[in-house]
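Which chain is which? They are A, B, C, D, E and F, in the order written, and residues in each are numbered from 1.
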Amino acid sequence: MLTAIEKAGILVEALPYIRKFFGKTIVIKYGGHAMTDEKLKQAVMTDVILMKYVGINPVIVHGGGPEINHLLDRLGMKSSFIQGLRVTDRETMEVVEMVLVGKVNKEIVSLLNQNGGKAVGLSGKDGQLIEARKKFLTPFNGEEDQIYELGFVGEVARINPEIIETVVEKGYIPVVAPVGVGADGESYNINADYVAGAIAAALQADKLILLTDVEGIYRKFGDASTLYSLVRLAEIPGLINEGVISGGMIPKVQCCIQAIQGGVSTAHILDGRIAHSILLEIFTDQGIGTMVVR
Amino acid sequence: MLTAIEKAGILVEALPYIRKFFGKTIVIKYGGHAMTDEKLKQAVMTDVILMKYVGINPVIVHGGGPEINHLLDRLGMKSSFIQGLRVTDRETMEVVEMVLVGKVNKEIVSLLNQNGGKAVGLSGKDGQLIEARKKFLTPFNGEEDQIYELGFVGEVARINPEIIETVVEKGYIPVVAPVGVGADGESYNINADYVAGAIAAALQADKLILLTDVEGIYRKFGDASTLYSLVRLAEIPGLINEGVISGGMIPKVQCCIQAIQGGVSTAHILDGRIAHSILLEIFTDQGIGTMVVR
Amino acid sequence: MLTAIEKAGILVEALPYIRKFFGKTIVIKYGGHAMTDEKLKQAVMTDVILMKYVGINPVIVHGGGPEINHLLDRLGMKSSFIQGLRVTDRETMEVVEMVLVGKVNKEIVSLLNQNGGKAVGLSGKDGQLIEARKKFLTPFNGEEDQIYELGFVGEVARINPEIIETVVEKGYIPVVAPVGVGADGESYNINADYVAGAIAAALQADKLILLTDVEGIYRKFGDASTLYSLVRLAEIPGLINEGVISGGMIPKVQCCIQAIQGGVSTAHILDGRIAHSILLEIFTDQGIGTMVVR
Amino acid sequence: MLTAIEKAGILVEALPYIRKFFGKTIVIKYGGHAMTDEKLKQAVMTDVILMKYVGINPVIVHGGGPEINHLLDRLGMKSSFIQGLRVTDRETMEVVEMVLVGKVNKEIVSLLNQNGGKAVGLSGKDGQLIEARKKFLTPFNGEEDQIYELGFVGEVARINPEIIETVVEKGYIPVVAPVGVGADGESYNINADYVAGAIAAALQADKLILLTDVEGIYRKFGDASTLYSLVRLAEIPGLINEGVISGGMIPKVQCCIQAIQGGVSTAHILDGRIAHSILLEIFTDQGIGTMVVR
Amino acid sequence: MLTAIEKAGILVEALPYIRKFFGKTIVIKYGGHAMTDEKLKQAVMTDVILMKYVGINPVIVHGGGPEINHLLDRLGMKSSFIQGLRVTDRETMEVVEMVLVGKVNKEIVSLLNQNGGKAVGLSGKDGQLIEARKKFLTPFNGEEDQIYELGFVGEVARINPEIIETVVEKGYIPVVAPVGVGADGESYNINADYVAGAIAAALQADKLILLTDVEGIYRKFGDASTLYSLVRLAEIPGLINEGVISGGMIPKVQCCIQAIQGGVSTAHILDGRIAHSILLEIFTDQGIGTMVVR
Amino acid sequence: MLTAIEKAGILVEALPYIRKFFGKTIVIKYGGHAMTDEKLKQAVMTDVILMKYVGINPVIVHGGGPEINHLLDRLGMKSSFIQGLRVTDRETMEVVEMVLVGKVNKEIVSLLNQNGGKAVGLSGKDGQLIEARKKFLTPFNGEEDQIYELGFVGEVARINPEIIETVVEKGYIPVVAPVGVGADGESYNINADYVAGAIAAALQADKLILLTDVEGIYRKFGDASTLYSLVRLAEIPGLINEGVISGGMIPKVQCCIQAIQGGVSTAHILDGRIAHSILLEIFTDQGIGTMVVR
């Protein structure tokens, strides 16, 4: 049981952060364990609503979690993969969109509303928020003359942030499903990390937060004492060459780079498995995860 | 081929209607053939965008069409029915919501955007737009002591129109999926006609238009010459008693009654199978469908 | 009698034009037959009001028609002419101003109001709308050392469009009489075509429309099949040299040039003798008159 | 030559009046000698502009002066009179309108602009400012069964003050010609005193000032020492019965009554033959003319 | 050292309170030890700034502390007292005003600014914030025919809160010195508790907080376990009769009553000797002091 | 006794000045006799309120007058002086601040309010209006290696004019006490002339007026006929070299220079011993004092 003075201390510790982020926009990529564990889910919602109440404008971009696979399985639809990415034909894309927009997005919206927030769900089609183009994979090792495409897997061509600004201005928390729309009106599945990064840049957000299932970037993987609390843009190429940043961390770091180059002040790779890691990152002196800066 | 003078004549004929409806809100229940036939679909989109451009604020509420059944079938989910209404357990409701919000709604939004509109899709969860409660069926013939419930089939408890007003103010066309949210955060499937009527009342709309697959209310069913072009509220009980209004027409007429009693000026039962029936109803002297007024 | 589908077709055809001109300003020089024939008059008023209702901002600049001569005759005042322009002494100018501002302008204002518009008449003195300076004629053939002046015949020195913007903002249609005011407070009679062109430039209008009593510019005068539907600025000197553009068409074309060089997108020479030619030009695919573009 | 201290004294004396009338509307009926004498004209313009600069909103309604007769004479048009009012056929009305709107109004507008004001002329047709109806004269002495009409002589049916408010809001001084518009779009000549009174009431003005060619209301006509400086509404019927108020003063007093009953605080009958009588009335302790109050 | 989870817990605990008080006004009477002890002073400043940053509008009313006596002593000015209140002649009042407005107020303003707030000091003369009248003391025991006055000791006649609203709207924290101004322009010294209560009512504040040097109201004085955490208006007369509320607590409770009757939701008697007692009261579940409610 | 026509003449004479200064800011340094003589005091207040009412935004910066010495004397505090400036230790500064902010400022505020103005007093601490730094004196004659400091005597480091703009916008007259605040939160006494000049520059005022106890700058001191009515920046170095500008006039002229170089149009050295000298300077053709321009 905390004493009154300890309680007051925490609130006082939060003050400079509240001051610093007042009126700023923070884009949160919401995914991983934080999206499936009931307690973590609740904690993220609380963190987001708290941010809103102290004058920060949070924007949530969510991934799909295991729900997509679940429905594909039930429908008996099999997928092939290239470089770990699912080849997405039109029928698969329909399932992806239904799950992302009609299920996952709506659950987050509802949860925020149940906890005292005012949320509005958006897909990339609403107000043409996310204009997409087909993503082409250039091959790895030496197959220089082959370019793969993955059907309706897309990348961000352009963000039209007006609809986000419209709802934020009226006090709503926007919750964005990472479905883009092509010039032809077709739906495209886009990696939520990239969508979050692009939206953060388009909104000139102050922070991009990627909630992940790791603690951040390690010098020595698995050795908590070697966690980088801060990485500068200039150091990243070296870290990739050395293999310190590798595998699934590479695209996450790329999102951070793009966001920062687009005008976002800092990007954070946070451990979503810790309850209230967003809150701790934003409002306390507690060092959490890895921060990427210019 | 029309002459220039004929063309000008039509535009001139539209003038008093443009003037009359300038700045007014018109809620359109979009369903039936007009939602499945490609040409009719295109025509409705055009009509809606035209309305927007001449200063009217259209709001679309859509039904689900055959898509829900289609997905339920593919998933091998069977439904039981009471009084023609599907008993909707949680799993079924999930499917309903995914299809309505993640597929049908998004297709309409995308189609409007492709045709030059600026649309935003909303479900009843967005900004708590549609608060729902469980719908209870009182039995028909004499089974007075039995009340049926249908799981997550709901009715409108309250409309919070702020999110619609927010997006309309910025020039967007709102497209609403008829999924309500209960006090507990659960999703409820609600008949789209009723949602349209309740939203029309909440927005103090000028008109409610129900796009249906009939021409309107007939004195003698099947005899086009007996179509009522206008029915007053006071006449309706008599028409129901005489059996002139019966079957599936009864709930539609009830929506019209509720909307008008809630402050909407006129309600229209229009034949959605005729291309541009909305346009003709709103902008020409052409008599179309049945209009219900106080 | 048109079918419903034909009616809808016209309205649908108008949609892209409504969209295109939404919020744009269109300046119309109103004169010639369209100002004396009762039916044409009525058609112009309807066209202007329709434009206003679909979100376009029309501005009317009118000429004087035969009314000025009529009153001068009744007063027994004779005029001398130089290069076809009336030498205008102070007494004549008073008559001109009374007719333009106190009669013609007021009739147009009243006619628009009677037809459901909200019009406000303005002369160049109101809010110093049209600052004028004396116009000097350089002589034609070789009389190089003589410069004519015509008394109170003026040209536009500067447009102060604030008063037009003030009334447009509040939903009024401005109707402008082409009387300018000199630095000394004196009235000057200015050709309405030039006033229309200068106002179009000052307002950064999208279109300048000159309603005339010809169909447009012909390759071969009198041969309807040789009407130019589009002329580019660069072609005009050549067309004048060839004599294709000559006589009274020259000053009209000069107005178009000045407007376009001042930032107006397109200028149109339309046949005011055809009812609703403005409407047809703006809202249909119908090719009408000659359009001048950069 | 005034001393500095005397100058300062006057300005200081003006302070409470400036404070009192800040943001208030004052309607001035401008006519009589003040409209024909060059020096008085100049003085009125200066007074009006000064009012505007210290935060008062002056609105001018002008009469026609001798100009109307002058043009009618030149055109050889003769008029008959009933009860001293000119019978006005359509042709005469055209002349009246041209002179009032196209000459007198424009001269005042130009004079204000030349002196540093920003004026806009308005007739009763602009924005339907003055809706008129035909005026019927009930006969004087005992001819009870006869009612005279005077053609296009009208009275105020309704004032639509929006256009005045629109221009005042943007810093313009509105100058109104007393021409009304009938339901049929016809022009009506209305007594400028009545127009001023009706506009003052419609604008909920603070003051109505009638500039006349008398010093005010006298107990004994011609004896300056018997000038009433203040008359209350309740005293007026008695003063009329006693013959103290008689002749041309009666309609002026009626305007005052109507204005005050319509919500105007005070009405003033001022001697327009004294230069700056408006200024002295509004900004000094100097007693000038007769003030009518509730 | 607190764990991350404990830190997060406190912030989460604060959320409902942040939500509840968002946009609300809280008036704080600042006095006693909290104004003389350096650490407590710092804590109050931090609390106030934190409130401001999370969207609450704090308004500070301060007392004078020992500074007034100090200066009076140095000037060799002696005071007489009636019923414990200093008789305040004009010379004394000058000293009081100089200390309150020129020293105490400015120190608080400066301290808030040094800590990241934006404060503005106000006396009751600024914008006529506190209109005062002379306070008359009705005698205690039976001396019914004697009424005392205390010179320039006043009470609140009227609060003009516009200047507070003006600065709050622009993000400033108003700091008010309890000096009122009489109808004659004279300064009056008013008890800061009463000023705080009256300002709270005038602003329709949500809360009035009186920072005192006691823990609150006790059933048994000195027995911490008998502290009332909540007292209702209706109970107060009884508590006074029983002697539970007595002495210096009576005027404090009267301020609370007046504030609540004037529309303030709750009034609090808080122990200013505990650091951050305001913060704990507003943002935690911690029960602190005595709350008075309707 | 002035005639009506003379009165009107003065008001008319004021018109071009009212027009010229409408919406402009004028900063007045208020000090000297005008601050101690009751009649002059009253006259200055009237002048300032008149300015406000005719649309000018006056800002008053006041000095301390003899009040500071008076209180220091009563407290038995002695001061030493360097180059005529009082060495100000912390204890002295406290007295200075109490007198300036808690007495002199409040009297001016109250006097303006009593006369119909709406005034708000500000010190340099309010909204960090005047950021100060310690002032160092470079020695006169050859003592090049010695720099004096005077304790809490400061100079302007930066003006933050937001709080002035906030209150002006709402119709208040700001009255500023020349107390600055150091980076450390300490108070600094700053010469009021310099504060006035710096505030004038920060507000981009149109005029700076220094009310002094001399008539202006003389060619030959004491010979009224040699008063400079206008001095240009470029002439000043010469005038100082010649000894025409000398002694206490030098710092005043320096303030004028700084204000003008900071963007103020004109600076005036006015004789505050003449009642209404501000009024006469601003609103009449009367030549008063010396004007400094670029």
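FYI, contacts are C-beta pairs under 8 Å (C-beta built on N, C-alpha and C of every residue); 3 or more make two chains touch, one makes a residue touch a chain.
Please read these numbers as outputs of a predicted model, since none were measured by experiment.
Identification of common neighbours of subunit D and subunit F yields an empty set. The greatest centre-to-centre gap from subunit C, using C-alpha centroids, is found for E. Between subunit D and subunit E, the centres computed from C-alpha atoms are 58 Å apart. For the pair subunit A and subunit F, the distance between C-alpha centroids works out to 58 Å. Inter-chain centre distance (subunit B to subunit C, centres taken as mean C-alpha positions): 47 Å. Not a single residue position of subunit E touches two or more of the other chains. Taken as a graph of touching chains, this assembly is arranged as a ring, one closed cycle with exactly two partners per chain.
Touching chains close into a ring; read starting at subunit A and passing to subunit E, it gives A, E, F, D, C, B.
Note for the complex: subunit E touches subunit F at residues 71, 74-75, 94, 97-103, 106, 109-111, 113-114, 118-123, 125-128, 162-163, 166-167, 170, 172, 179, 181, 185, 187. By the touch criterion given at the top, residues 2, 4-16, 18-19, 22, 43, 46, 49-50, 53-55, 116, 274-276, 279-280, 283-284, 286, 288 of subunit D touch subunit F in their complex.
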